[in-house]
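Structure in structure tokens, see below.
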Amino acid sequence: MTRLPKLADLTPNITGWGFFLCTRKESRSGRSGAEYLEITLQDVSGEVRAKVFQDVETVKLEFDAGEFVKAQGRSNVYQGRLELILDRIRRVLPDRDAADGFKEDECIRCAPRPVDEMWAELTAAVASVEDPALREVLAAIIDRHADRLRVWPAARTVHHAYRSGLLEHILTMMGVLVFLGDRYGARRDLLIAGALLHDIGKLQELSYDTATDYTLEGNLVGHIVIGVGMLHEAVRDRPGIPAALVTELEHLIVSHHGELELGSPVRPMTVEAFLLSAVDDLDAKLHQVRRHLDEDDLPGRFTAVNRRLERSLLKPSTP
Amino acid sequence: MTRLPKLADLTPNITGWGFFLCTRKESRSGRSGAEYLEITLQDVSGEVRAKVFQDVETVKLEFDAGEFVKAQGRSNVYQGRLELILDRIRRVLPDRDAADGFKEDECIRCAPRPVDEMWAELTAAVASVEDPALREVLAAIIDRHADRLRVWPAARTVHHAYRSGLLEHILTMMGVLVFLGDRYGARRDLLIAGALLHDIGKLQELSYDTATDYTLEGNLVGHIVIGVGMLHEAVRDRPGIPAALVTELEHLIVSHHGELELGSPVRPMTVEAFLLSAVDDLDAKLHQVRRHLDEDDLPGRFTAVNRRLERSLLKPSTP
Amino acid sequence: MTRLPKLADLTPNITGWGFFLCTRKESRSGRSGAEYLEITLQDVSGEVRAKVFQDVETVKLEFDAGEFVKAQGRSNVYQGRLELILDRIRRVLPDRDAADGFKEDECIRCAPRPVDEMWAELTAAVASVEDPALREVLAAIIDRHADRLRVWPAARTVHHAYRSGLLEHILTMMGVLVFLGDRYGARRDLLIAGALLHDIGKLQELSYDTATDYTLEGNLVGHIVIGVGMLHEAVRDRPGIPAALVTELEHLIVSHHGELELGSPVRPMTVEAFLLSAVDDLDAKLHQVRRHLDEDDLPGRFTAVNRRLERSLLKPSTP
Amino acid sequence: MTRLPKLADLTPNITGWGFFLCTRKESRSGRSGAEYLEITLQDVSGEVRAKVFQDVETVKLEFDAGEFVKAQGRSNVYQGRLELILDRIRRVLPDRDAADGFKEDECIRCAPRPVDEMWAELTAAVASVEDPALREVLAAIIDRHADRLRVWPAARTVHHAYRSGLLEHILTMMGVLVFLGDRYGARRDLLIAGALLHDIGKLQELSYDTATDYTLEGNLVGHIVIGVGMLHEAVRDRPGIPAALVTELEHLIVSHHGELELGSPVRPMTVEAFLLSAVDDLDAKLHQVRRHLDEDDLPGRFTAVNRRLERSLLKPSTP
Amino acid sequence: MTRLPKLADLTPNITGWGFFLCTRKESRSGRSGAEYLEITLQDVSGEVRAKVFQDVETVKLEFDAGEFVKAQGRSNVYQGRLELILDRIRRVLPDRDAADGFKEDECIRCAPRPVDEMWAELTAAVASVEDPALREVLAAIIDRHADRLRVWPAARTVHHAYRSGLLEHILTMMGVLVFLGDRYGARRDLLIAGALLHDIGKLQELSYDTATDYTLEGNLVGHIVIGVGMLHEAVRDRPGIPAALVTELEHLIVSHHGELELGSPVRPMTVEAFLLSAVDDLDAKLHQVRRHLDEDDLPGRFTAVNRRLERSLLKPSTP
Amino acid sequence: MTRLPKLADLTPNITGWGFFLCTRKESRSGRSGAEYLEITLQDVSGEVRAKVFQDVETVKLEFDAGEFVKAQGRSNVYQGRLELILDRIRRVLPDRDAADGFKEDECIRCAPRPVDEMWAELTAAVASVEDPALREVLAAIIDRHADRLRVWPAARTVHHAYRSGLLEHILTMMGVLVFLGDRYGARRDLLIAGALLHDIGKLQELSYDTATDYTLEGNLVGHIVIGVGMLHEAVRDRPGIPAALVTELEHLIVSHHGELELGSPVRPMTVEAFLLSAVDDLDAKLHQVRRHLDEDDLPGRFTAVNRRLERSLLKPSTP
């Protein structure tokens, strides 16, 4: 039996095996009384829902959510989405499976750009900040949180919900903001700071190992307020940074959802804050649009309805 | 000419003089071209709008907003509200006017209960907190911010908008919360903490001398996020307090407006947070209702429409 | 086989038997074509969903919704909620089953406080009303409707949805209102009347035998308008009660949902009506919060999402 | 000096005198300190705002709101609306002014159709109801409330806000409903009853002498709930009418605003209730549209913005 | 085995066969792994959901969605709605089945009135338009689009969603509008034009063969904008029609949903546009109400909740 | 007396004269009875409100709205905004005033970039479109509408509400869209077309001479639907352009307000439509922000509340 292609390239009616990360495993009992497993598998390129109907009693002991697995089965379209019906699945035996090509990194869904390249771009952007006190604070923040900032997802499910997704989101926004700031006469330093800081609270709002979840603090306080606390921490011992500048940075974090009903306790009141919230919304929305277009498997010119966007999308015709 | 009664007791068509704090002074030019002054005067019991139509050129040099004044005139009903038409107004000369009974405290609108009595109640409530780490943090907070906490208003205009109004609001809520917490099985310690902390950010959101205004930070960040920062500051050097407890305290502050569209970035998720936001809303609303009933001077069974409550109120008939 | 614990104390994987009231019985045919029964069982402490997969043809003839049953099976967690998978179920044979401890009262979900104790409290509260005409009307109302008022639920599903739940709701509100009325200067008589009368229309909006449902009138007219009609009926032959007081009582009933979009055709315009609608909302919401916390069987610090509250709740950690 | 035309026919820059009903009289003091009077005058055809700038001290003693007046002045356009600037105004001296043609009826704004004609139509419609019990109840209601029903306005300001406006509104709706009921298969009896009863509570919600205002009950309870009470009163001693029919009549009254946020505690659930609320909305809206078109005095193809309709309207070009 | 009655007359537990149009055919795999078919069948009087559980592999090759079928089975109530459990189903063999009474027209759900009768009514209405230029344009439009206009449905699912439903909807509205236009003083010509044109864009928004779907243009542009384009096309070569009249016709099309959030980019600004949008809403809503009442199979006085109307309806009691 | 500076540079308390375009002239009668004029003056850099209190009877005959005027007076701050109190104002006498430096172009408020430069940029962008059929259509459109497109404002009041404002708005959007299209993988041709076409209907929605107003068609149909009509006109005789491309262009126009409640009958369904509506909103909002910051004359760190943005803005410190 052959190896399955990357999940992003999977098509219906393909049989084969592959290595994956299992990020969800639920036991369900159908109405007929029979138990089956519904699980989620991912590799570096995407994720897929999979089901096990046979030998459930035995199979379910052979792996858990959060583990790397070797799985074998057949792709199938169910209710307009691709899924895998598995014949076999077991946890990876690193020593043995290495021989067949198992590599952890290839089983974890990840941003498309290499993380080192992104990190270098972030470092360069911070170094280009003109105000020395601000530059120092931002440098300290990325230094202190480097471990998480390199790998964290930007969200649990909505957009950039994969390894290094937050970094990808920050950099895309930064590029767009610098361009727009030039057009609309905004202060470049604040835009770079805003792109970096606006979602910094997600490093504590979310837990991320191979799976992503909300922390206690994330649920009860939320990334906006957490982020302001992280900024405070960074400026505490730096008397050089003026209070009014800190307040503007806080404002950028606090207002970046744009409207109260979207979770910002204060709405944008500076040119930079208007730009930041508009670009954050744009980047998140376009990411969802692109992903929905990529993942749709329905025939016809239009996709299925996307529940979050509340609409179908037109698939671009081939060029 | 006789001295005017306290503003809360003022009725139409009374002529006399009094000492007041002038909290607003605006020069307006009527359509006829003539300039007049529109000002706001307050004493310990309330406030009133006043106008100067005569000798404006001269009179307007004799006092400024933020100063204590001696004013003389006649009360009048205009568009359903009482106002004073002044013949004379000048700044207070403390030495000379003391002889006529001028006392600063009697010219500043103030909560009805004596501040020392309220402060003692607050101190006692904090001392009654059972958890020692929490008690220590709360005690440190009221100690550190005592100067402001004793005199600050709870808002610029909406409710408890006068000297020591915030303290009054905290204590009323505390009393109600402890009672309700008993009925609904909530943790008393958290309720006391919530009553004290939920609006603590107002000490930095608002500036208050004799007039109240929003600070830079108040406008750009808001009292909810400021308050969390003040809590962080208080717990920073107290390793004894568990992180999960601090997170619950933050949750109380962050969720106390109850809904996102009211400025809470997170909604209540604990029994105590539900109670806190309900009681905050109740106390603020009842304060507005009571004040609107007290200030209305319209004839008839119903008050004028209150713009914020968006309705008229039924005046209670005399007992 | 042992007897199951009270439903409120049931935990997963317990096998046993018990006496219950069956409040719902639906025959479903699974996709495999096999029929199964989905039913709801309750005892004095709570309720649980149960399923019968075996011998459905036979079993379904042995009991009906609305009957007391003896059931035997095993508790199980399905989609985060506890349910019973039944092996046997049949209607109670009162004579025979009494020997095994069957008592009707223990099979009907009921408010936690004894009804006689609650009734005494209600009677005392009415007797404490100062205005003689009002006192007489209220006494006549509880007298006339005593049979229903003692046992009626406060709702079909949302809150206090069990035997004597309406009485429990009235008394909790009364206690809170009297306390708040003292703090906020409201007329105690009106608050007691408001607590008693605001939901009185539910006695005709809902039918309640052992199950609760909406009546024709309940669906088409609703408890607010029904309640005003019941008040009219009570005051008709009592010329002593002033028309303006009756109008204020009507206002309390009519405005107690607080906002038009919540079903009140008029919004609160008196201090008492503001308090009544706030306390009604608070009591209903806290009841839902408490119940959701009690019923949740998910692992972790947070409950499942409550559809009506539209959020998860933090489970209180053990003290 | 000549007599002014009917108010509906008044154009700018006409000088003359007339007899009117004064429905509002307010004393205002301009910023220059000078007092002036702002009043509202009406005759059978419409109403107009008027001002008195001269001899205010004297003039204001010569009439009151609610009195018939003789007034003299000049028409003028101010902020896009016609008004009268008065030189003289005094209360009517019936004996003397009769000689000049004063007739009360011509000074009270009134529905365009003669009231006796409308009343005959109403009586005939009730007589045409097929169900004898329902016919008897409706006949009793119009008999009992004939005095008010003949003259009452349908609203204080919004639509049909003049003498006999309610009767006019009822009859227009009845005609439309009978037609639509035929098309959409609704029960004619219920439609006639709905047209008659839906706003019957306005007879007690509004007070009307020559001016219209809300009563205590009107403010605190509202015409929907009042109307149900009036229906109850009428059916009390008529055992012949089935309870289910009464409930459907109540439903028609209660649901006739169509949506909760428009003040209906219950939404339409029968074909007749859907029709009634749609036709009520249509008749009220068309009345506003027609009146706004008639009253507009702006030049150009579009009217001024109507605050309630929240838009300008296109004036029909002349045929 | 006997022939089944018309679908509109079908009741539970009837066994028989019939000819239908199959409008939907979906293969589903149940949790037990077994595949079954869920399909929709219609005849001239209505439609029904049907399922095939047996011999699925074979049966599913014997017909497709869009084909006429002969089916045999038994009616059953599932979740409150009638459905057919089929034993056999195959595509119609026109030659052979004609002998058993197969007629295409009787298998396509259709408006209740004969299309030729409706078309004659439409033609007469257009001929009655007084303005010759407008009459000519309207005549040209119905002439040009006659093929589609005779058979098109008014919607995919909501209302009049069957053969000739659009024509039925236009004519009902026209009748009501002419009546109301007379009452409310609107221009008859414009009302007839509005009834004809308001949904004319549906001829291109929807594709309709035997099934109805949205076209590319329908999804991306919508019938309002499409309709204006169709009007432009018709007036292009007719210089006789004044530009202002065309603009009013465009306004009728563009504003006929009444509010922006319902998809009208402009709200009604003429008497005719107010009437048109009110009557369109009324006709669509009443059609849904009537259909929901007709299709409901629940026991009891109330129907199941209609998802679009967001409520249950009261079933009229039998006379 | 010296000449006043450009309006954008005007500060309080400057006396002088200047040439302006008068865009509004209203006669108002103050409460004292005295008439005064309130007018709006503009020059190339901005606009200002002005008042005439003296010799109104004479002065008001010497100029009209829509004329160029010479005015003399003094700048003054009234209610936080700069205004001019005029001593003299008369219409320009071109021959005589040319000697003093009168030039029409300097009296008409205008986009900051020279129109010829903008036009060249637009032409180049259209020429860069790759698809020949689309390029040809766009070229035909700018050619046909060049006269208006060069000078039209983008709105009556909200944003870019001055000469050539529409062209400025199109070009800013085009630049931003091309940049973003590159980042988010959108089709460049469609973005250039979208920027050009989305507001093309404004050329007929608005009339513009020196003043801007809505046309009959603008009010009744709106620029979205008008714009689609203009596109149709352009493609009519160009069979080369595929229907599906035209539909996508229509979609861009129709969906560019993003949401139904903002006037788009259809919401974005393609990547390009998402980008277009986001960038349109951004450009309009940032223009309002920038203008409100520029025009504010209040002291302090915050501007007055902007009614449309519903907030104050923070003024950037440092020049």
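So that you can tell them apart, the chains are marked A, B, C, D, E and F in the order they are listed, and the count of residues begins at 1 in each.
Note that contacts are C-beta pairs under 8 Å (C-beta built on N, C-alpha and C of every residue); 3 or more make two chains touch, one makes a residue touch a chain.
Model, not experiment: these values are computed from the prediction.
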{"item": "Each chain counted as touching chain A and chain C at once", "value": "B, E"}
{"item": "Copy pair chain D, chain F: interface residue numbering same or different (half cut)", "value": "different"}
{"item": "Whole-Å gap separating chain D and chain E, where each centre is the average of the chain's CA atoms", "value": "41"}
{"item": "Gap in Å, rounded to a whole number, between the CA centres of chain D and chain C", "value": "45"}
{"item": "Inter-chain centre distance, chain B versus chain E - centres from mean C-alpha coordinates, in Å", "value": "61"}
{"item": "Contacts with two or more other chains, residues of chain E listed in rising order", "value": "30-32, 216, 219-220, 244, 248, 251, 269, 302, 312, 314"}
{"item": "Listing of all chain pairs that touch each other, if any do", "value": "A-B, A-C, A-E, A-F, B-C, B-D, B-F, C-D, C-E, D-E, D-F, E-F"}
{"item": "Chain C residues within the chain A interface of the complex", "value": "28, 30-32, 34, 36, 53, 78, 301-302, 312, 314"}
{"item": "Complex interface listing, chain C residues touching chain D", "value": "216-217, 219-222, 224-225, 228-229, 232, 244, 247-248, 250-251, 254, 260-266, 269"}
{"item": "Chain C residues within the chain E interface of the complex", "value": "29-33, 216, 219-220"}
{"item": "Residue ranges of chain F touching chain A (in the complex, touch as defined)", "value": "172, 175-176, 179-180, 183-185, 187, 244, 248, 251, 267, 269-271, 274-275, 278, 281-282, 285-286, 289-290, 293, 302, 311-314, 316-317"}
